[in-house]
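So, here come the structures, one by one.
Across the two complexes that follow, chain A remains constant while its partner is chain B and subsequently chain C.
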Partner chain A sequence: MFTQTLLTGLAIGGIYALMAVGYSLVFSILNFSNFAYGSIIMLGAYIGYYAMVRMGMPIGLAIAVSIVGSGLLCWLNERLAYAPLRKRKASSLFFMISAMGTSIFLENLVYATIGARFYNFPELFAKSNLEFRGISIGVLDVFAMVFSFVAIYGLNLFLQKSRTGIAIRAASYDIEVCSLNGVNIAALIGLVFGLAGALAGISGMFLGMKYIVYPTMGWITNKAYIAAVIGGLGSLPGAVVGGVLLGVLETFVSAYVSSVVRDVFSFSLLVLLLMVMPTGLFGRFLEEKV
Partner chain B sequence: MTFKYRTMIPLAVALSVALVGCKKEADVIKLGQAVALTGDNSIWGTPEKNALEMEIAKINEKGGVLGKKITLTAYDTRGDATEGVNVAKRLISDGVCAIIGPGQSGVSIAMSSVTEAAKVPFIATTATNPKVTVDDKTGQVRKYAFRTCFIDPFQGTVAAQFAAKDLKLKTAAVIYDVGSDYSSFLGKYFTAEFEKQGGKLVGNEAFRSGELDFRAILGKIKGSKPDILFIPTQQKEASLIIKQSADLGMKPVFMGGDGWASPDLIPLAGPAVEGAYFVNIASLEDPDIQSFVKDYKAKFGVDPVMPNPIMAIDALYAIIDAIQKTNGTDSAKIAAQLELTKDLPVLSGKLSIDPATHNPLNKPAVIQQVKDGKIVFKMKYVTQ
Partner chain C sequence: MLSIRNLNVKYGQIHALHGISLEVETGRVVAVVGANGAGKTTLMMTLAGLLSPAGGEILFEGTALPKEAYKILGRGICLVPERRRLYANLTVRENLLMGAYLRKDKAGIAADLERMYDLFPIMRERIKQYAGTLSGGEQQMVAIARGLMSRPKLLLLDEPSLGLAPLMVQFMFKTIREINAEGVTVLLAEQNAFQALDMADDAFVLETGRVLVSGSGKELLENPLVRKAYLGVKH
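The block that comes next holds the complex of A and B.
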């Protein structure tokens, strides 16, 4: 049971990690928590569903469509809702309120247009699970973990090696100075949101395939947000570690204590951790912590 | 003065009508129906009324009851509790001797404040809340409130007997939603009956409403290798649990209650749901009701929406039986006789009323199964 629980925890943690990276990416630049992210993930799942089921695209193409679609939506979200605030140098509190508003708006838009019905992706793999000595894992989970790891690794490589990546990292330290050095901040922020949106597309696809596509599915990002805080908001390795850690811990609590107290446990952990390590495991900033 | 007289005349008329009641027109038997004919619940209410009218016409053709024709007065409750009270008042002042309906627990509970005082019985059709027939404040049975459907948790009893006696399975695990009365009571009734039948409960896990990932608790259950996994939830949770069990390589017999009865179940749960069973109140494919379904379809052009028409017709037969046995249309006597109903042949099978709760006793349920990607009728099940 121990190994089975650990494996399941890793699979759940992998999805948390992917979403937490998206949160942290935006936080690292703009120092606010983009609560609309969950809705972008939900829309990513709907885009993937339409591409794959309604238009009959193969899985690879559907993922690509979902990535591009969510990336655009996230970028648009910044342009319409946050850019005007940024120009007026509003405090991060207003960004957060705007984000919550966007989230509720998008959710209700889906209710009003598509409806509350549940949608599901078709079975992708002929055999749904791999089994070894009584321990099994879904084929889709393995696929999702590998894909997420590649995406996060690719993002990391881009941030470390490319010129644009260096600009993004510079902006995450000091956006003013970065701007003085000739970096087009507006374009840079747009790009960061686009990247976060692309990750949302991947998360949405996998969440939809693993579970069900419905308007409030984005609520699961609460967990990803906690994961990002545990890892240290703004830190990408922190987000990955926080996500995996939270997934594994939750699974163990569910399996060995009770699934009913699982959230009591994860939220207490969050409060406790913030008391002991206010910046999370890998965080740098203290003053912007939510 | 004149003003006072004017108000008193209609009042006196109304009073006399109310007092005389059923006996006023000696040549007919007046039955009332409280039914949702508009609003969201009309999908079930309209067929309920259609079916009753059709059945009453048939009975009248054959000479009626006690040599009298039956008339049906149906008023629209809109599925609303306040409107239900008004409907009950109107029916009682119209002089009906018994009321069939309503189909909603909330409307039924509200209505009983009027019917108890007027001593006119009503038989709810699909109101499944225990409070409909038993006042939860006093714990006393409501003397004039009855129903023909079984209460929700009874499905747990049916599932447990079917699993233990017919499928001959020995061990079971239950996964239930701790935030839902429906789910937790179904689970409790299942466990109690399954253990009574000699089965063993090897896992009992709760989750919170809104949960998506059940693999942690499934992993725990997997170790105890249950023969049956009983999942008393709606189709969303059930299908996720079934899908994720397959991911963990588990192959128990999945069972559930009528929360599963949605066409969504099969696409959402995928191939793993094949062979699963669930308990339902009624099914269109029930062989006992085929002639009714045929007549209904011939008359109205569509299939009757289950299970309301069946429950309404069952109620009609219970009332007719009480009228025949008391040889009259006195409402209070009918109510007293309804309580004694035992093994009465009705449309859904046999009806007995439990005098202590006014719920039907061992009411037949329907077991449905997912077979070749479709929900099919497996059998009619009568608990012992």
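The block that comes next holds the complex of A and C.
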């Protein structure tokens, strides 16, 4: 029971971590919480659903289509909603309002065009289990876990080693100096949103397969937001640790206490942690030494 | 190399530079001195493309500068900003690599990293440290080295001596001359007027957004107006 709960927790934690990393990426560079991200994840799920169920693509290809589609949408979101604010040097409050507007717009766009009904991915895959020494875990969970961690590992490698990755970290500290070093900031921010969108595609796809696809499924990104804040907004290791921690703890609460108190638990955990550590577990290092 | 004609810069209602004109000739060290608030940083930021002029003209090697900062770096003008502004979350080596962001020549970048460690030997022991953990003097070295990694034709230095111990200030000015001797033209903004005038080939004194006097560094050191206004207080 314990190992099984842990594995299930890691699987959902992996998805939370993906979403939290997407949040944190954007936050680290533009310093605002991109509340439109949940809607991009929702659209990622729809794209995946259409690709796989309606167009009959194999799962690997459907995930790829969802990644590319969400990446483009997230990039477009920045171009249309945030780039104009950036040019006017607006404060992060305006970015947040614009993000909420985008989110409401996208959800209603789905209601108006696709409709409010729920869509299910084929049962077959989602419900099959792997048995091993009395532990039973869903194939989907294993797949989600492996895929999330590979994606996060790849992203981390990119951020640590590549020239563009170093520039993204530099911009997260001082965007102005980064432009003095020859970085085209508009293009770099576009890339960051594209990457966050790609992660949204993966997580949207897995959320859709694990639960169902519907217009307001983006609410689940509240969890990712909590995870990102627990880890310390803007910190990528923090987002990963926060996501995994939240996923595992929640699953244990559902399994050993009751699934009804699960969400109460998540929010309480957040409030408690912020009282003790206001900047989260891996709060950003912002000290300036003169 | 650089000619600035009748440059005006404003922050909203605040008129920070009032029709500044000045020339920087190739191969020289040019100092812009002036008290706190005179407009030195405003001038530097405008040249680097972080502020846009309200009027006037900036010509570099005979043509107008592009608007975006990253394109200006591409033209060979690099600003080392006031208060160093290193990336505290990156290592020293990564900071230097950011300086070489626009370059594609891997071998050249590696060779230049070595050159920087020769120029500032203490830096070699610090390459894996986060830049935020360095002392003020070390940070200034990394900031200048980061600027040089772009192989600029014109290096803009905004208050390189700010907050440094006297010995370190001397070392910094000596190094600036060495950098110049290797063919980099330098435009330097300093509050530390005495030492800046002493080492500069040409100099301009800025006061509340206007050029008060200009001449060779030595001339300005002797100029009674300058002596009274800036050198009265012994440094």
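Here is the rule we go by: the second predicted complex is superposed on the first by the 279 of 290 C-alpha atoms of A that agree within 3 Å, B and C clash if a C-alpha of one lies under 4 Å from a C-alpha of the other, contacts with A are read in each partner's own complex, and residues count from 1 in each chain.
The working rule: a residue touches a chain if its C-beta (ideal position, glycine included) is under 8 Å from a C-beta of that chain, and two chains touch if they have at least 3 such contacts.
Keep in mind it's a predicted model, so treat the numbers as computed, not measured.
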Contacts of A:S92 with chain B and chain C, given as first, second, both or neither: neither
Which partner reaches more residues of chain A (counting touched residues only), chain B or chain C: B
First (chain B), second (chain C), both or neither touched by A:S136: first
Partner chain in contact with A:S172 - chain B first, chain C second, else both or neither: second
Which of chain B and chain C A:L180 touches, first, second, both or neither: second
First (chain B), second (chain C), both or neither touched by A:N156: neither
Those residues of chain A which chain B touches in one complex and chain C touches in the other: none
Touching residues on chain A, where the partner in the complex is chain C: 163, 166-167, 169-170, 172-174, 176-185, 284-290
Chain A contact footprint on chain B (complex, rising order): 178, 205-208, 210-217, 219-220, 222-223, 236, 239-240, 244, 246-249, 264, 267-268, 270-272
Parts of chain C lying in touch with chain A, wherever the complex brings them together: 48-50, 68-70, 73-74, 78-79, 81, 83, 85, 87-90, 94, 97-99, 101-102, 130, 132-134, 136, 139, 146, 150, 163
Residue ranges of chain A in contact with chain B within the complex: 1, 4-5, 8-9, 11-12, 117-118, 120, 123, 128-129, 131, 134, 136-138, 140-141, 211-212, 217, 219-220, 250-256, 258-260, 262-263
